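Each of the next two complexes has chain A plus one more chain, namely chain B in the first and chain C in the second.
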Partner chain A sequence: MSDAAIHRKPLFGRTRRRMTARFAVAVLILIIFLFPVYWLFITSLKSAAEIFARPPVWYPAEFNLRTFAVLFKDGDVWAIYNSLIIASVSTVVAMVLGTAAAYSLARFKTGGQNLAIWIISQRMIPPIVIVFPVFLMFVWFGWIDSYVGLILLYIAFNLPYVIWMMRGYIEDIPIEVEESALTDGCSRWQALRKIVFPMARTGIFATAVFTFIFAWNEFVFAMILTRTEVLTFPVLVTHYYGAQSTFWAKIAALSVLGTLPVFFAVATLQRFLVRGISMGAVKG
Partner chain B sequence: MTATTMRVGQRANLFADRNFKWLVIAPSIIVLLVVGIYPLVYTGIVSFQQITMMEEDTSWAGFMNYAALFSDGRLWESFGHTFLILAIALPIELVLGLLMAQLFLEKLPGKQVFIALLIIPTVISPIVAGSTWRLMFDNQYGPVNQIIGWFAGEPTAILWITRPEWVYPAILICEVWQWTPFMFLILLAALSNVDRSLIEAAEIDGASFWKIFFRITLPVIRPVMVIAILIRALDLFRIFDIIWAMTKGGPGSITETISIYTYIRAFKEFETSYAGAIAFLVIILLSVIVIFALKRVEIAR
Partner chain C sequence: MAGLRLRGVHKFYGKVHAVRGIDLEIPDQGFTVLVGPSGCGKSTLLRMIAGLEVVDEGTVEVDGAVVNDMRPKDRDVAMVFQNYALYPHMSVFENIAFGLRMRKVPNAETRERVHRAAEMLGIPELLERMPRQLSGGQRQHVAMGRALVRDAKMYLFDEPLSNLDAQLRDEMRTEIKRLHQELRTTMIYVTHDQVEAMTLADRIVLLRDGVIEQEGDPLELYERPTNRFVAGFLGSPAMNFVPARIEAENGGLGVRLPDQTVLALPEGRRSAYADQVGKTILIGMRPEHMHRDREGEQRDGFGRISVTVEIVEPMGANTLINFHLGETSILARLDAYAAEQPGQKLDLLVDMNRAVLIDPESQRVI
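Up next is the complex of A and B:
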């Protein structure tokens, strides 16, 4: 024991040096991972001459907002607006339906383990496998290239995630609190409104943010089920890849516009990030 | 009646409302049936018919389309491409993620800021990620060739996107860049659940780093690690967006994955029935993995 105690002293200086080394490595890793993001951002701010300069320009001489102005003038930012509408509405509906279903699964064990597994397995199916029948169904209903079509599809696409996550968050609330409220004469709805929702508040918020991001970033469904009217931003980005020329400035600028909301969303999530991306496997 | 049995009896009453529990879950189940089951049934039926762009031939074709799958070289190549990407990207993401998690496990100034910034690649749209790397890899104006040129000491002009031997490294770099932070974040959370005092005791006893890792750390993080691998494996199996943004499956068909090939058959060539057969094959393959995977997740909860 005293041996270990003697060893402690010189170790301290080594820990400091190790800390500095680790910090240096951490900074290096951060630079590697963020450089592409930096490159995307500065490309959106470069002038045309700077984008097509050889050797590449590492930072623009001045922040040039002309590409963004062009996107606004040509109405291309409409795609951001479409993404916003579609992602927001589908998130709200999926949260309402999904939280109700999750409550049933968490508290009543409705359908047992198999129903829960069936629900989440719906999320594992590759979009490309189900998109063709959905495409034909939408043609039949006249939903191709419409808000309602994509919103309905995103509700269904995100519902399993919402149910799965919200079931976990509701299970985290001690059932005793709810029981005593119910025995004290609260109605089911009152117990939900006064106990379950407030206690699951942060979980509801985190799940909603993730659902929004999934809908915001989705590409395969959006590409196949839209034409010109309700293009979402990832689809419009791919339209800038021409057969003859590629509009790098527009690609970068629209990508930046489509990435900023995600930055803000993630900044609000910190504590729930791990649980959200690991589908609840890590309670964090 | 003792207090405990009374409580159990109450719980049975309070949470045994059959109408309520099915009422609140019904809307979700209906939505999932319409969007989950209907396409499967439809795809299943169509795959036994002979519908193409030219003719709406709904007559029964038996297993014709399925038999054709076996002689479709491009299909099996696309399977090969998909598994190649999966087999290379996943281990790299896992190992890099684990190393990074080890680095950030102990105290570090500004740790939370580092983590918040490192997660950025994972949360941005894969289309944006693919576009960003296509920009980075541009053979004339991209920074990647420039940086390689500095080290090589002479101007480099690697055709990353258009040369068969360079296109896979390009795609893999983008994929690894986007998803290593995902592994990192999950494994960091898992690692912080490992009892520090156990590791310190083993260190004092003179156990090697690897021995500590395999005997103490790995058993604790394994359940979470398995789930992270499964989530990534299922995502990689249906990889589409990144490759579509970078190469659209090209040059030729050299980077076509299962999802891209199915898309081309269904929506570019309108081989409805044949695409249906491919889709069904994919579903059968996936179902086995998914059920296995989900049982694991469910157990871990």
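Up next is the complex of A and C:
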């Protein structure tokens, strides 16, 4: 693109002041958004006295990992493991099936315009509306409190989203690029692997991240459809709220553990989430 | 080698009947141009030859074998697309090498052939770049290189020059012609531009609304169009069509123009129209088939018209003169030197050997 963006003008007077002001605003916004995260982290490290102290303690006297130790000892971290399994497996399966379906919709116009709309409309149903019919069905199939139950449910729930997103990303790839690969000697599958997937990489990772996060955070179904065996971490967090007492330290510690995988996943994938991969394919 | 043959080929897009029964034989090693106005089905036809589009009816045959159901990869064709369709995530080198890699050509040979193709197109310094770092013209060259590096049975081009600016387009046109003369392979070239068609083709196939209007070598179509559409499509500026009437004229035959001038038909053409006296026709005259009448001479086979110049457009190499014959606005292309003025009277000689007479009902040349 243009080199003009690279050659910045030197900063003089007004421009410099404006930049400083912008920077200050950015920092302020960052503080507002990061503060709850900070509070979550330090709460997980505080002692009980510090948690309930008034005025509040802004940082704990010592970094106390006792709460984490308790979570590990009691086996509560198992919920994180459950969440990981359920979210990962459902994401992978939904991505594979969804991308295949999206390709078919985008390239072969399967079902015309209406099928695609119908598919995304499935996503508009509020979960709470169908949770009890699903519950009864799951009882009947014997899927309550099982991996397979939640995984299938999340796949079904995420598929419309994956199909819709991937259809858009695939449609953005000029069909001639794919056809060019076909005449250059690719089978349909090779064209997908060597051309379509690399070109849709940004979209694939972005969609996968959101799909994973949905499954990771999902609460209503997990709450109703699990008991003890495959508790996911959002459900377990609620177990720490009690009528008599609420275990704030445990809530915070488990939440920290629940945040880290998503944080690292996004951090690692970030370089794939950069836009502009498909630039330069066509005439320009 | 029998080359490529289409028999009764049809294509439907839903209700749109895009290709309506094409019978065509594409000679081996020739340069065939499919030309016609936008939407006439040229791309569709080319894509059916490449195997990118299903043939709804009829057959596509290569060397005598029906290939309707053969995958593009097995047809051994190389194709250049109008929008170039480069692989954006691969370097120029890998773009050009891709077709060879897919066909398992050894690495050393691939490298050599890619470099040779790049040399041929004058882009060896671009090989390490990514497509997004190239200008439009450079992308076009890469697209060409990607096809030329292949040792394909047929090379297909779908308006490969239409996105270039005029000068680059002229250069590339010459370049393509040179490549064809060097490589001597079968090339099928789609364009809506009649100049490209005329200059490049050994053989022109002129399409309209999914049917072939006429095919043949370029000058044959130019000099002997079979209908008004072909006559008007080829040539720039286009042929002038004037309503007229065939009349008997002191022993011979002539064509009476709206201004009552009668242009005598030359000896050789009279017999063909002997039974058409009194018939209303359109006479088609190309701009370059009208000349200044310098000495008032009577040249054989030429008819004289007297006109009033309205607009003068000097083009450098020649001059376009605009005037009216009756209701019809006419363009004549004259030699450059003399400077006519608007309003000036002018005598022109019309080459009656090359004028075409058209039946306005059927639009066919008679």
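Assume the second predicted complex is superposed on the first by the 251 of 284 C-alpha atoms of A that agree within 3 Å, B and C clash if a C-alpha of one lies under 4 Å from a C-alpha of the other, contacts with A are read in each partner's own complex, and residues count from 1 in each chain.
To be clear about the criterion, contacts are C-beta pairs under 8 Å (C-beta built on N, C-alpha and C of every residue); 3 or more make two chains touch, one makes a residue touch a chain.
For clarity, every value in this text was computed on a predicted model and none was experimentally measured.
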Contacts of A:M199 with chain B and chain C, given as first, second, both or neither: second
Partner chain in contact with A:L40 - chain B first, chain C second, else both or neither: first
Contacts of A:P174 with chain B and chain C, given as first, second, both or neither: second
First (chain B), second (chain C), both or neither touched by A:Y161: neither
Touching partner for A:D184 - first (chain B), second (chain C), both, neither: second
First (chain B), second (chain C), both or neither touched by A:I224: first
Contact breadth on chain A, by residue count: chain C or chain B: B
Footprint overlap on chain A, comparing chain B with chain C: 179, 182-183, 277-282, 284
Residues of chain A touching chain B in the complex: 4, 19, 22-23, 25-26, 29-30, 33-37, 39-40, 43, 51-56, 58, 97-98, 100-101, 103-105, 107-108, 110-111, 113, 116-117, 119-122, 124-137, 152-153, 155-157, 159-160, 163, 168, 175, 178-179, 182-183, 188, 213, 216-217, 219-220, 224, 233-234, 237-238, 248, 251-252, 255, 258-259, 262-263, 265-267, 270, 273-274, 277-282, 284
Interfacial residue positions of chain A with respect to chain C in the complex: 1, 174, 176-177, 179-187, 190, 195, 198-199, 277-284
Contact set on chain C toward chain A in their complex: 47, 50-52, 71-73, 75, 77-79, 81-89, 98-99, 102-103, 130-136, 139-140, 146, 150, 156, 163
Complex contacts: residues of chain B adjacent to chain A: 10-11, 14-17, 20-22, 24-25, 27-29, 31-32, 34-36, 38-40, 42-43, 46, 100, 103-104, 106-109, 112, 114, 116-128, 131-133, 135-136, 140-143, 146, 177, 180-182, 185-186, 188-190, 204, 223-224, 227-228, 231, 234, 237-238, 240-241, 244-245, 258-259, 262-263, 266-267, 272, 275-276, 279, 282-283, 286-287, 290-291, 293-295, 297-298, 300-301
